[in-house]
């Protein structure tokens, strides 16, 4: 791998990848945490609102009238929906799953509510009563009559647009920050590593040249020349000199 | 600190590359860039978070306001005069309690003076009021709005005061004086989470720095040192006159150039010799005298040199210790990811062991792991002798990955135990393979620093894994953390496959000491037994019982967050890291064995005794760190004491046997630790369990000291003159 | 947040639970249930609630109405008719009706009482145990059960204290009514237990032994002068017949009045009430009746109050007295 790259290149690339990985890792971990905090906050708010609405509805039932006979519910949920734009819809349904009141008039108004809502309304005896958050952005609050029998529920569907907006804004800033950090980091790394490894590289290059010199020009070198500092070059030169010397003597033997 | 593989002679000859100073400078540079960049990004992230929280806080305040205002409006609409509203404060407080991030709730009259208010930040609000820094909505505008059912989103005004976000909500009822409700959201509620985030950033930095260190070391070793070491060895040959080998061309560009040039030199020399011999042969044909003289010349040459033109051999790089270091680091890192929450995870799974106390059932995965490692290790040792460490590493990676994945997907406790057993087999195989590799490297003459490299890789991997495993689990959940661990094991295996030499060390490992003879030996050495029973085993009991089993449960029950649990447990390794050199020095230079071993037990006891007086997180931190320091101090002396206890001609073999015995005994301690912890937990509760777990090694240490005192000579370990390490 | 660790299973429960299915009896009815309703003073909110419960749930019932016109002898006559005609259930309105129709649980006379021949359900009955209608609220142990419409005295006084803490309470009542004597006794017990003063001023009786209505305002004024902070209004037939003068007198004397039954606050000027709406009580009674009709033994159906009571505040009275409720109370209270 990377068989043709220089030392500085490898080191700089690896270092940069490591830095970038660290940035991305810490960004990802932070983002996840932020997301959780933001989500919890928004959900707490919607739970508060759903509870509030349910309490108001149950107050209205205190006379004992059935859920379907209360006239105050529709304006109540409409008003709440108007105030808070992030609430997508509110549906009050009875025990059989029929939609009694809904802010979403017309659409699917004769469809029974999903089973999950009715199941959430009939919580088990050992689970705490109160709002249930389902796996989709819907909060279901059970409604009970004056003798604690479930008569239906209130479902509040909220939009996660608020959460999304917040997270997108944070992500954008994070992305910018990573960019702003990585560009100077890359530059500093390349220059710095080049600087640090400079001497080593010089030495290696000097070695190379010395050896090349030694073997290239050795035929013509006189043995008395100042020995080059590189050990390989030195030994190579010495050996070559000996060989050439021997060769010369062999030739002389021929002559005589 | 790089494994200086070459002998001193070669180091002089080879062009020194990436010497100690340069690599240190390099690492420092990269780490500095890393830290600065990460801190910069983290700060921007926190700023952004705090800013983006504001609209959220405003919405929350509006929700609460409209609820509070509804009742007040109702009272006013019924004709109750505003100054005759009864018990307003308790009413406001009811709401404030529902959303803990509310710093204050206050009711102001039409002229802006405070009528009622509750909340811990109320004084700050009042100060703001008197300083006239609080904005009020334009009441005349609101009163002019006839339709109160319209979009009420624009009714309130929010302002940021110091650290508090104030939302003003007007209450206007015809025929009554207008009032304004002020709600203050403080970011103080998030301080705990922000602190968590800050800590996590430091943990990420720690992990990044350590990982960077390991990876850069690896890279330097591969690209710069290995070639130069190779060159050094080649140069040694050449200096000795042997020109018969070229070198493999490896490493980075610059290294390759040098190596190629070297090869060129070798070839050139050999060609010169070839030319010489050819000429010599030619001329030798011409006459006997010439042939004799030529023969003498050539003889003189070949006495001191060797050549092999056209048949040059090739030298390859020897395996360095650093090669196995990074895969091992990554593997240990992966292994330790679940450590900080394993008991918690086990506790969340349904258990079919209804006849067992839940606390004990939770400890089963931990003990099962140790047992499985103990069983698999000899098997691994035998296997390594057959197929070499690289293959055993790769084979061991398979059960390791499988074990992690199954643990993450476990649907009940039994499955988790099975998964841990499988993972333990993988762990044993990989660890044995790495040990074997390091031993081979040491055998080839690179002893210095090899043990240190091994230990360092394991310890840094442990620190990183423990700390960041908790953070990942906190963000992504337990199952995903196991998956990440599995993925990292795959990475380690790929790396090992790439860098570990294949098959070259398929040498039968030294046969494991036969159990029987080890037992006999041990039983006849009371000093050794004392060390084992009163030092080694309690230490492992404390480690596995306290750090791996009890600490997560203890902290979780005190409502400490997961990342904080990870940080606390990590302190064991850091304590050990800090103390291990001191311990080695004590053993080497001062020949002190008993004192550090006693401290190994006394320090945890001291830490445990402090527990009841501290708040849980701090107390457990102290206890765990004390344990780590104690173990760090004691482990090197303990290991050095064993050979010191076996003087005589057969000493080395005996020491090897006893060391094996010691290891097995430690395993017993590791297995007992969680069980003892569980029994203590079940019978006495977390605080008492922690206390007792800390006291066990303490009591054992006192007994050990007594034993040392009582034994003839008042010395536990007879000092060796000139022997030892 | 931190404890999302243990218990990370989803909350989502799929499908219907058994409880839901059980409340839709698939029983095919061949004929409507026949219920005889013996009322004390005519058709009333509770009776309406009772009837509406069945009609809302489309359960066919045939209601046989027999009013007693406030005469115990008429009640006995209707009981005899019931034993003849054998309806599926008998509904009893009012304490006297229930006592006369059922008889004390330890002294049942089969000739004049229902005597377990036909199951019965009662409502708007005060102190069924004290009045010996059932031996225990949890287990009526006879073939009759019912509902409570007044909550326990301790609860009432606790609720009263949330309006304003008090140190003395006054009460006036007709001394010849058993219900009222029971209430005074209970109040006395609470007064001793929690340490407030009870100012007990029964209405004087005339020569015929009947309470003198004209004496009411004077009695109320006397209670106010004696330092009472609240006037407690008991469910007393005499008082019910004079609720307007009673509450007006309290208003004139500047005395806040509290009631545990709805007429005094919905139809008169009492200040504050912790009441069950009779309509809701009737529905609840029908709920129990349905269980009996479906075969559950009345002896095992407990006599219970509604789970939630109405807090009612009369704002005009509050304004006149300048005695306003706390905001927390106002949040949940009905205003009239």
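First chain written, first letter: the chains are A, B and C, and each begins at residue 1.
Convention: contacts are C-beta pairs under 8 Å (C-beta built on N, C-alpha and C of every residue); 3 or more make two chains touch, one makes a residue touch a chain.
Here the structure is a predicted model, which is why all the values come from computation and not from measurement.
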{"item": "Neighbouring chains shared between chain B and chain C, ordered by label", "value": "A"}
{"item": "Leader among chain pairs (count of C-beta contacts)", "value": "A-B"}
{"item": "Gap in Å, rounded to a whole number, between the CA centres of chain C and chain B", "value": "69"}
{"item": "Inter-centroid spacing, chain B versus chain A (mean Cα positions, whole Å)", "value": "22"}
{"item": "Chain A and chain C: spacing of chain centres that average the CA atoms, whole Å", "value": "62"}
{"item": "Chain A, residues touching no fewer than two other chains", "value": "36"}
{"item": "Set of chain C residues in contact with two or more other chains", "value": "1"}
{"item": "Residues of chain B touching at least two other chains", "value": "193"}
{"item": "Of chain A, residues touching chain B in the complex", "value": "4-7, 9-11, 14-15, 18-19, 21-23, 25-27, 29-34, 36-38, 41-42, 44-45, 48-49, 52, 79, 82-86, 162, 166, 169-170, 173-174, 176-178, 180-182, 185, 188-189, 192-193, 196-197, 199-201, 203-208, 211-212, 214-215, 230-232, 235-236, 239-240, 242-244, 246-247, 249-251, 253-254, 256"}
{"item": "Chain C partner contacts - residues on chain A that touch it in the complex", "value": "36, 40, 55, 58-59, 62-66, 95, 115-116, 118-120, 122, 124, 132-135, 144-149"}
{"item": "Chain B to chain A touching residues, read off their complex", "value": "12-19, 22, 25-26, 29-30, 33-34, 36-38, 40-42, 44-49, 52-53, 55-56, 59-60, 62-64, 66-67, 98-99, 101, 149-153, 190, 193, 196-197, 200-201, 204-205, 208, 211-212, 215-216, 219-220, 223-224, 231, 235, 238-239, 243, 251-255, 257-258, 261-262, 264-265, 268-269, 272-273, 275-276, 279-280, 282-283, 286, 290, 293-294, 297-298, 300-301, 305, 471-472, 474-476"}
{"item": "Touching residues (chain side chain C, partner chain B) in the complex", "value": "1-3, 5-8, 315, 318-319, 322, 324-328, 330-331, 335"}
{"item": "List of chain C residues in touch with chain A within their complex", "value": "1, 10-17, 19-20, 23, 49, 56, 276-277, 279-284, 287, 304, 306-308, 310, 332, 334"}
